[in-house]
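Down below are the structures I want you to see.
One chain, chain A, appears in both complexes that follow, with chain B as partner in the first and chain C in the second.
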Partner chain A sequence: MSKKIDTKTISFCPEGRLRQVEFAMESIGESNITIGIVAKGGIVIATEKKETKNPFGENFNSEKTFIIDNHIICAASGAIPDSQILIEHARIQAQQYKKIYQDYIPVKKIVEIICDIKQQFTHKGGQRPFGVSFLVAGWDSSNGLQLFRTDSSGTFSGWKAAAIGSNSIINQSILTDEYKNDLDLNQALSVLVKILYKKTNSLEFWKIIDIVLLVLDDKQQILIRKMNREEVNSLVS
Partner chain B sequence: MDTVISLIGRNFGILAIDTISPRSIVIMKKDLNKCVEIGKNKYLIVSGLPGDVSQFTDFIQKSVQLNSLKTGIPFSTHSVANFVRKELSECLRKNPVKVNLTILGFDDSIGPSLYFIDYLGNLQRMNYCVQGHASLLVFSLLDRHFKKEMDIKPAIGLLVKCIGVLKNRFLINQVGFLIKIIDSKGCRSVGIL
Partner chain C sequence: SSAIETSAMSITEYNGGGILAMAGKNCVAIASDRRYGVQFQTMATDKNKLYKMHDKLYIGLAGLATDQATFHEKLKFRLAMYSLREERDIKPASFGKLVSTLLYERRFGPYFCEPVIAGLDSANEPYLFASDFIGAPLIPDMDSNGFVVAGTSSEQLFGMCESMWRPGLDPEELFETISQCLLAGSDRDCLAGWGGTVHVICPDKVITRTLRGRMD
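And now, the complex of A and B:
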């Protein structure tokens, strides 16, 4: 840690904005698309991924979607190495909460924890902000199914359907048109396909899209699963 | 030593706490309310060494308030009980606090629940519980007469029997017992027996 901290990176510019934070959001606007939709029986999150040959087969922890605890999932857009630090911290905090209260951490609290860290890097000088935006989806007993979206400045908001990453403004307006209050999971998946499929021209849809579902069954058990190759392909065939 | 008798009935929890504040051989105060409300629908009763009692009660009450403000969501009784247990067990090897606690709470999803935590950090969820020296006399009575899902009148009748045994056989004259109920409407006092 050098003694001469570069205070200019995190200072207000003359127009009253934080330039570094805005540049960070610009960089997120160039990165992979992530979309989340809250449906009646669960939440579905889809992210674009790079088309690579994975020699180890499809394991769950693909690069851009994460499980924070058994009732919270999360997808990132932007600099994925940045996101991994925040996810690590969030996972530890979720378990510490469980250790003290023997109960699942509320979704909003995890989002606040992530955002507090992001905010610190916009406050104290010398380090750049996190160039990553999250969609955090989860269920807790007080507020039911929730979807939150966070950005580089540390602000978060709750959404019923949200899009981050490239073309987020266009995708968000498509979601506004297509979203209805009583969507079930299959309808939500078809909305997702409507947005994502036209962006990607590959015949093999599963190679470039990760879809993760957080499903709530009648006994209020939460099941988190990633759609496998056949299911993803069946969405577009 | 304080006496706290608590029972779980049908969609309510009921407590009888003695109301005397003793010092050596003198009764200093006859109408002390030892019950502390945590949130809207939880009672916490702490008994033990007087200084530890007031310090620990204050600490727990304010910590729970702070934490529920931080999350924005009121805690369930289960969470509060485990939080208290964790604080107690951490104190155990640093600055031991000799207190026993009863936590009685009502959650909308679960109904009433009763937890007993002793000074070593043992936590148990129970249907009925007695705290203090009176437990030696009252537990056997409760074992025989307690039924699950009692209504309020039979529950109060059972408490009257327990208090009768204490007035008959307990060395310390615990003058009055404050009866409190927790149900979906919140906490309220019923009276003094």
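And now, the complex of A and C:
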């Protein structure tokens, strides 16, 4: 067997690793930064986006942030077309669950569903793995506010604050330093700004950042919203 | 005491009920009775047969109660997927077509429910729709008969609406008209009644009221 790049996704390399999966993670490591932080009363996710003029106007699901159901949001780093397939599948599964159980699907279950698909593409079929990592944030009645991070191999883990995309190792260590257990949403937003703002030089912060909030109010109602232009700019002015 | 024997009733009369919807000037109203029965036995008097799809779209389902519940869940599923993919609320006319299509998919093993849809389109013009249980649509002409009915009391409701409805009713008049039609219509049907629920859909709000009629 050739010791160079292993072209079969379904084989281990001589060192016992899945090379294609690692290459997929390399590709994610070159793509947009996404950061998620669990705060008291909500979760905030921010993702870098390219500065482009959107001819269709600013709507929620711009580029890299998605609603899966009314209680789960998610942001992607990596090959966005790959993410669309997984998001579509996740949305259908969330509705199937609701149809059978009349209840919101648990966050962990949605993450498992996405990861099971990702794993299949590292196991059989000879197709390349999904080159996308997700941060999935949501609330359910059993476990409250949760944030999960998934990668190309189909591994997932729960986090209080997580960074994916480029410079994720550096950003993750900044989060480790800055995160405190009882951060409120505003403090979480300033931690985000600390990491993301130095990546941009322009004062028009809103053009290159999408910030999405999942907020839990006192009546246990969940509100999902994207911060608008003024709110995003006011974070750095 | 003697139990009521099971009678050979049609499957669409098993649970009973009456639903109607009427159009006014930039408003629509939809109303239903509140009886939930098993043949001649009344089980509950607070059954909800009207479901909100979004702020300007309501559907009422008459017929077999278990099919009402299941069909409603199917619609909720499709509506959620629609708004996630399209990032907007479905137009009433598209929703009417969706309901028709979903019912016809089960042409040879149908859902025994008859839908009545009331909504306001993007120009706040009223939209009404009814169909049989395999999806044949009825969209009435708003100028001459802006009302649709369904359920075991449909014939009584048709008669009431025919005499009492006129075009151009404002929300309060529409509420009065639809309430009187519902109560009088279901009074003459032993399988429907026990009060009523009315939603009046206006461009900026929905007014919901519960009616107290002959409780029998």
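Here are some notes:
Quick note on the criterion: the second predicted complex is superposed on the first by the 229 of 237 C-alpha atoms of A that agree within 3 Å, B and C clash if a C-alpha of one lies under 4 Å from a C-alpha of the other, contacts with A are read in each partner's own complex, and residues count from 1 in each chain.
Criterion: contacts are C-beta pairs under 8 Å (C-beta built on N, C-alpha and C of every residue); 3 or more make two chains touch, one makes a residue touch a chain.
The shown structure was predicted, so the numbers you read here are calculated from the model rather than taken from an experiment.
Once chain A of one complex is fitted onto chain A of the other, the partner contacts of A:N181 are absent, as it touches neither chain B nor chain C.
Looking at the shared chain after the overlay, A:S141 reaches chain B, while chain C stays out of its contact range.
In the superposed model, A:K108 makes contact with chain B only, not with chain C. Legend: residue contacts after superposition of the two complexes on their common chain; A:K99 is shown touching both chain B and chain C. In the superposition on chain A, chain A positions 99, 102 are in contact with chain B in one complex as well as with chain C in the other.
Remark: chain B residues 70-76, 78-80, 82-83, 86, 109 touch chain A in the complex. Against chain A, in their complex, chain C makes its touches with residues 73-74, 76-77, 80-81, 84-85, 87. Every residue of chain A that touches chain C in the complex is listed here, in rising order: 59-61, 67-69, 91-92, 95-96, 98-99, 102. By the touch rule above, chain A contacts chain B in their complex via residues 99-103, 106, 108-109, 140-143.
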